[in-house]
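Across the two complexes that follow, chain A remains constant while its partner is chain B and subsequently chain C.
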Partner chain A sequence: MEALTRVYNDHPKTLLFTSAAVIRILLAIAWPALPDLLTSRVEISTAVNSFKRLQEGLFLYDHGLDPYDGGIFHQAPLFLPLFSLLPSPQESIGRLISVLLYTALDLFSAELLCQIADSGAATQSTSYTSPRRQRTWRSISVVAIYLFNPYTLLTCLGRPTTIFTTFFVLLSISHACQARMATSAFALAVASYISLHPAFLLPPIGVLCYDRVCLQRISSSSQNAKPTTSKANVTIDQHRFPSALQFAFSMLTTYASTTALLLALSRLLLPSWTFIPSVYLTPLQLPDLTPNTGLWWYFFTEMFEPFRNFFLGVFWLHMFSYSIPLSLRLRKQPLASVVLMWGICCVLEPYAHIGAVGGAGSLLCCVGHVFELSTAHRYTFPALAALLYCTLLGPAFHHLWIYAGSGNANFFYAITLVWNLGLFILLTDTLYAVLRDEWECERPEGKGKDVRQI
Partner chain B sequence: MGLLTRLLTARSSPVLLRLPPYLSALCIIAGAAWLLVLPLEGNPRATYISENAILPGQVHTYFGGSEHNVFRAYRQEVWQLSQRSDHDRIAGLEQILQENGLKAAAQPYSWQVAGEEIAGTNVYGLIQGPRADATEAMVLIAAWRNFAGDINYSGVALVLTLARYLKRWSIWSKDIVVLIPDDSTYGPEAWVSAYHSTTSTVTSTRNITSLPIKAGALQGAVAIDYPAGPWGQRFEKIDVVYDGINGALPNLDLLNTAINIANNQMGVESTLHNVPNHQDNYLDRLTMLTKGLITQSVGHATGPHSAFMPYHIDAITLRTVGDGWHDEMTLGRTAESMIRSINNLLEHLHQSFFFYVLLGPYSFVSIGNYLPAAVIVAGGLTVTALAMWIRSGKAAPSPAPGKKQVPEKLEVLTDGDVVAVVPKSELETHERKMFLPALILVGVHLGGFVPLYLLNNISAPNLPLTFYNISAVTLILPLYLATHIARHTSPQQLQTLQSFSLLLLGATLSTLATLNFSLAFLVGLLCSPLSFARPLPRLPLLQFPTKATPTTPKPTTDPVAARLAISLPAILLYIAISPPAVLLALNAYFGKPLAWTLLEMAKGWCAQGVWTSLVIWAVWWPAWVVGGTVMLSGTFRAA
Partner chain C sequence: MSSAKSSPPPEQGSFIWTRRLILFAFWGVVVVLGLPHWLWTTSIHRSQLPLESMNNWADGKVCRLQYPIHVKLRYEDAGFDETNALAAETQHVLNALNQLPLYQFHITGDLANASSEQALLPSHVRDTLASRENSLIVNIQNDKKIKTPQAALKSLIPVLDVRHNPARTGDSLTAFLAREISKVFSHEQNYMHHLLQETPFESKEYVNRFSPEVKAGLDARTTRAFKYASTYHLTFSLFVASSSPSAWNIQQALEDGIYPLIERLSPVNRFTIDTQIQLYASFSPSIAGPQYNPITREWQLQRPDLSGFINAAEWPLSPSIGSGPTINFVLYVPSKHQSPLVLAETGGQSWIVPQWGGVQIFNPADKQVDQLTAEDLRPAMLTFADQLSTLVGLPPSPSSLSLRISGLTRERTTSLILSASSTLGALSRLTLKLTSIAIPDSVAKSVSETIHRLDQACQHMQDGRYLSALENARTAEEEAEKAFFEPSMVGQVYFPEEHKVAVYVPLLGPMAVPLVLSAIKELKKLRERKVKVA
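Take a look at the complex of A and B:
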């Protein structure tokens, strides 16, 4: 026990990563049926990320057929050569190897989260320094939340391909935090090549990256100048900053050219362009209405055909409508806008699943320094309790509907509504806290007071 | 928005902070009272047939006349078979079915549970309906041994006679499966699970042969339990048994059909839960409710029909009761009429209720009226969890006396030119340390799987000893945790721990209430005292000597006797609601040997797929341990 404590104190990250990997592998070994069971859960696998559907695509691909012919496989083409390298997951060794691959992916994501949390981007930007920067969560806590929350854990065993999306989004954010524009845009392009909706992160990540680049210039210039006094940023030479327009242009160019490259690569692998409608029109048009944890499927089950396209547009526009306003309003805290936008995407995406929530929830902890505001003034605990209730009730109601036959679709849908409501409350509470953190800086006399509508 | 803001403001009011214990107590009392109110005049609804296609009792039944002679012959035949070896008996039954023109087959099965073998062979035959397209089927069951373990002479004979009789009709739009399982619990379980699986994998504990003959989707099943011997015995009433595994219930329409046919068409009085002379007064309805509650919460099979429920097949058992003037042909005609009704179905039974509590053969309450009872009880736990969370967020009174002398610390905040002076306490939210509580909670919950594993995997003769050992460890564990954890945790962490535990318990019980209402309600009631668990006053008598702590003698205001007076009843109550104590008490109340109960529980978990053990050890037990840890942590707190 003492040795363990010592190891924990010396190398907490090693311990966390090791235990996370061990838990995942042990679960897969001790219950060999568990990964396949989780793969078939609607909460984890959807039409656009299911590991089972990937097998179907792989089968067709390996036999030289167009994998998109069957109408089942809707995932990015580049997964096919990657997964055809692995042995078939029907056998135990193949299953274990696939679990190992996803475990590694989880660990890499955790490492990226650690970098994001360590970068200090959450509390410091060119124009703003949070008064609560002492309260920033330790990166190790963020990592622990990511690696050990049940959503990530179960999703890792369920092996949906959207874990790759989470990974590339985190990669993009972490590179943006390190002011590396090109790699950040590249990673984001890969993420949106896989899942489409990460494209909405382009504005907030662009702002974040630009801000970090500017901050880098400031710190390098202040270092170059001379040892400064405590007030380092008295004057900021705006002319040292790169031109925003130029920056945006180069970022967009990188993003677009990466996307083009990926699509061209995909075309090289496949006999035709059919993958474009199959992969990208599926989330856009929602042909597959298998229940999931999101808000779309039930709505479009009930939809009359003439209104369908209109509401598809409305739903997508709604999701997009947060992207630019958030990055504008939170331009002083660009990481917060990225985090919140990613959270919103995870709730509002057409084929929502709990894996994305696990990732977005952990990312939310990167702005943990403002949580004291949301717990003190908002509904964080009730919202978390509601999520706990939903986590238990969701599978129970799904069971009553599908297997026991004594419930119906409304049971499950009602629970997904509450689930999404809980997530939204968490997001809005965090937004409140982030804004209030800014506001308290301007109006210190308002600290600790309740907000009242006058 | 205005309301929301006001609510947010109100939560810091001192009244609201003091309210939760009362609110929680109110919830528990209201939940318990809710069930007592249900049987009151006016609350129960009269049962009715919701599915119009069923047409119960609308057909003339022709089972009678010469069929009676056939029945008597078969009854003699069954008695003859009962004298032979198992192998010959199976072959004999199969032969009878084949002679009647049915496709017949046998299915051996076995389980290894607690070092004992459950084995047998099911015999079944298929009547292919002349108008059927082999997509739907119904099942007629008579287990060789009924639920009580007696040989079901007349039941099996009746089913054989019916098989012969039904085979000659041309009206069947569904296939009819005639099933004669070896026993009333595991035979049907083996058969129905093999019916719904494409492959059967043999494991060391489970060996179920796959079925050579299958029909379509099963729409309903009727089992007959009539153990009268070879010379017959007339019966008085029909007891309709309906509880499925894990508290699942058949569609209320099927139950109503059985009662309707028995009472109105055949003139046989039907009972539920074997409650005789149901007078439809408050006490009778309450008795019925209680019996239903207990049977459902146990979740074990109650007859051959139970195994069908998890597969979404509505099924009931007709059990003959007493000594009266109804003969076997009446029972046969009842079964015939039921089969005719199921045959009428155009789609799977879905119209009527799946969640109900019966208060009499003709009255019931539906889910909307009874579910609040369990949810309120679970809600009471959540209320306490919320209160504990809020309280853990308030800074504990600082233990260092030096700090108290400063009346109010003021913090000077500057931002550019603006300077503000704010009382420091307003800025402080107590940072909660959640890692240790979460770790303890996860640890205790994982610990619950140890007794679950042991009690389901140890051989039968050792079960009682194992149980006693588990009980002893269970009682010591909170004590151990309290003494070892109380040193490392602050009161605040204990509050967080209790908050998490109660929250999880409340959420789990609410979920369980939708699956098995009775179990959730009973466990909720038994766990409800846990929401009042607070650290007990310190008892110096029990204090372990703590080394290297200069104990400052504190002026004790309350004497040890007063502390004991608080602690002792609390601890006694706490022990009384522990899972082992409750299990032992229930065992003693129902007068069953402990070994038998434990073996049945193991069999239920391993062979029937009953989840009750899981609820006991992985939901109730951890909550109880955590509650005790919090309570006893006060007793052993360092001075």
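Take a look at the complex of A and C:
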């Protein structure tokens, strides 16, 4: 035990990563049916990320047919050559290898989260330094939350391809925190190539990346120049900042050219362009109304046909409409705007699933230094309790509706409503905390007082 | 976010600008993306329909239904001029008669008589050739033995043979010809009037008053016949009450009895045929069944039993095979101990089930046979052929088959034109009444195709090309139905404007309230600040 404690104190990250990998592999070995069971759960697999549908596409691809002809496979074409290298997951060895691949992906994602948390982007920007910077969560805690929360764990075993989206989004954020614009835009392009909605992260990530680039210039110049008062420093260095327009333009160009490159590559692999409507019109037009944890499916089963297209557009525009205002409002804490926007996307995306929530929830912990504000003044505990309650009741109600036949669609729909309400409360509470942190910095006399509407 | 007692300190300029930018970003999404999307997805596409010509068709203003009848007069014993004079005179008399206002007669003398090589051909070949261009051929022959003129129609070709004694009759030959020709068309004329009655196409000049018997006969004809379809499916079924006969030489029997009729009908309808045999076919339990009449030593089916005779539950008579409607012909062979089986009252053995088919009872001769030969089936097939002609709507008179078929062509064309026109009228009324329904381009295309085809049909009919008129009328009717029953048009029929509020408000309302309120608030502040500055 002592040895274990010592090992933990010396190499906590190694221990965390090892134990996370071991848990995943052990689960897959101990219950060989578990990965396939999870793959067929609606909470994990949807029409656009299901591992089963990927197998269907792979089968067609391996037999030289257009994988999108079947109308079942709606995932990005570049998955096909990657997964056709792996042995068939129908056999136990193939299943284990696929679990291994996804475990590795989870570990990489955890490493990226660790980098994001270590970068300090959450508490410091060019124009703002949080008074709570001492309370920042240790990166190891964020990693632990990501690796051991049940949503990530179960999703890893269920192997949906959206784990790749989470990975590339985290990659983009971490590179943005390291002020690497090109790679950040590249990773974001890959993420939106897989899932479409990460494209809405472009404004917040752009602001974050620009801010980090400026901060880098400041720190490098402050090392060179003689230390003077910090205020003077800032004013001097404003002229050294790269032009915001130029930066935005080059980021957009990188993003667009990467997307074009990916689409061209996909076209090379496939006999026709049919993959574009199949992959990108599926989230846009929502042809598959299989229940999931999102808000869309029930609404569009009930929608009058003539208004369907209009409301599909409204839902997408609604999701998009938060992107720019958030990056404007939180431009002093750009990482917070990225984190919140990603959370909003995970709740509002058409084919929602718990894997995205696992990722977004862990990312939320990167702004953990403000949580004391939301726990003190807001509804974090009820929200978390609601999430727990939904996690337990959701599968039960789904079973009652689909298999037992003693419930109806409203059972499951009500649970998904509560689930998403809980997530939204968490997000708004975090937003409140972030804004209050900023406000207390300007108005220290208001610290600790309750909010009142005037 | 400050206490209510002390007024909050003034905001910094950058905050105001941030707030304005945020508001602007939200409103930008709404106005730049949302509004065009709303207009694009909810605007109703209404193709332009040629309403005026649709209504004209529905009101019967476009097409005057008139049927030119070309009659050829062949007078072998008279000269060329004499024949022509007779023809002209007969035409004048017929058209002046005003008994047949729908028909316009064009009577010409047969010129082939005098000159061309056709004269060398045998007379029936000449008749066949002539009948392609003419509705009727009148052959006049002199016969010194008869006192009054006599007329007889040939049964298969449209030829009216007239014999008369030139010594005894003067100009009454013209009157006789006119009477005989109008007699040929009188039934068709009645039926046409029956069809046109109470439609906008009804001719104003001629008000026909049918006697109740004639009207009943015309009604019966309409109710018996199938609705017009380009293809009918014929099912010939042998139902045997016991185990034998278990086979029938139906192929040969059909070739002898049915195919000739089908061939003659082929310009109007197409037919597909299948046959089946069912042994141990029992009566339906709902009927009383045959009763033995000791006087006539026959088993008799009562009249009420006839409608329930077909055992729909057990006899494999599928309602429809393929696209067209199915006409069923049932040949029923009763078992030996119930034989002979006849209908009570009439003693007949066959009857028609309106719009379904024909039934016939076949009482075999005493000896038990295993197979019905074509010879055995001949009378049955003749009855079936007769029933078939009734069921496809062939007029009962005149006696010449070819005249009946050309009459059927005209009648079917007329009813198709009527139906297509009234569908066009209904469609035009529908689109005017329901201003919110979509009109897809396919409907406009169908409508213009319908009108084009109707024009063609009308034109061809007035030119006397009845078969191509029928073809066009059929297409017109199909297109009109397709336009009227377009599924995407029906969806929004019952979607009134008020419902749209219920669709928009629940979702857009909560989103719009903060957006609108904050925009108003911001605008107010902007004005206050301006006032302060001023």
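Convention: the second predicted complex is superposed on the first by the 444 of 454 C-alpha atoms of A that agree within 3 Å, B and C clash if a C-alpha of one lies under 4 Å from a C-alpha of the other, contacts with A are read in each partner's own complex, and residues count from 1 in each chain.
Basically, a contact is a pair of C-beta atoms (placed from the backbone, for glycine too) under 8 Å apart; a residue touches a chain by one contact, two chains touch by 3 or more.
Here the structure is a predicted model, which means the values were calculated and not measured.
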Task: Side-by-side fit of chain B and chain C on chain A, or clash - done: fit
Open item on the list: Going by the contact rule set out at the top, does A:Trp439 touch chain B (first), chain C (second), both, or neither?
Closed with: second
Task: First (chain B), second (chain C), both or neither touched by A:Arg378 - done: first
Open item on the list: Once chain A of both complexes is superposed, is A:Leu400 in touch with chain B (first), chain C (second), both, or neither?
Closed with: first
TODO: For A:Glu305, decide between first (touching chain B), second (touching chain C), both and neither.
DONE: second
TODO: Based on the superposed arrangement, let me know which partner A:Arg217 touches: chain B (first), chain C (second), both, or neither?
DONE: neither
- [ ] Scan A:Val451 for contacts with chain B and chain C and give back first, second, both or neither.
- [x] both
Open item on the list: Looking at A:Arg180, would you say it contacts chain B, chain C, both, or neither? Reply first, second, both or neither.
Closed with: neither
- [ ] See if chain A has more residues touched by chain B or by chain C, and give me that chain.
- [x] B
- [ ] Can you pull out the angle centred on chain A between the C-alpha centres of chain B and chain C, to the nearest 10°?
- [x] 80
Open item on the list: Which partner chains sit in contact with A:Val314 here, chain B, chain C, both or neither? Use first/second/both/neither.
Closed with: second
Open item on the list: For A:Ile324, using the defined touch cut-off, is the partner it touches chain B, chain C, both, or neither? Pick first, second, both or neither.
Closed with: second
Open item on the list: I want to verify one number: the closest Cα approach of chain B to chain C after the superposition, in Å.
Closed with: 12
- [ ] Using the superposition on A, tell me which residues of chain A are in contact with chain B and, in the other complex, with chain C.
- [x] 443, 451-452
- [ ] Using the touch definition up top, name the residues of chain C that touch chain A in the complex.
- [x] 1-4, 8, 18, 21-22, 25-26, 29-30, 33-34, 37-38, 41-42, 491-492, 495, 503, 507-508, 511
Task: chain B-facing residues of chain A, complex - done: 372, 375-378, 381-382, 385, 388-389, 391-393, 396-397, 399-400, 403-407, 441-445, 447-448, 450-453
- [ ] Flag every residue of chain A that touches chain C in the complex, lowest number first.
- [x] 304-307, 309-311, 313-314, 317-318, 320-321, 324-325, 328-329, 436, 439, 443, 446, 449, 451-452, 454
Open item on the list: List the residues on chain B that touch chain A in their complex, please.
Closed with: 1-2, 5, 8-9, 12, 248-249, 310, 312, 348, 350, 354-355, 382, 385-386, 389-390, 393, 413-415, 418-420, 422, 426-427, 429, 431, 503-504, 507-508, 510-511, 514-515
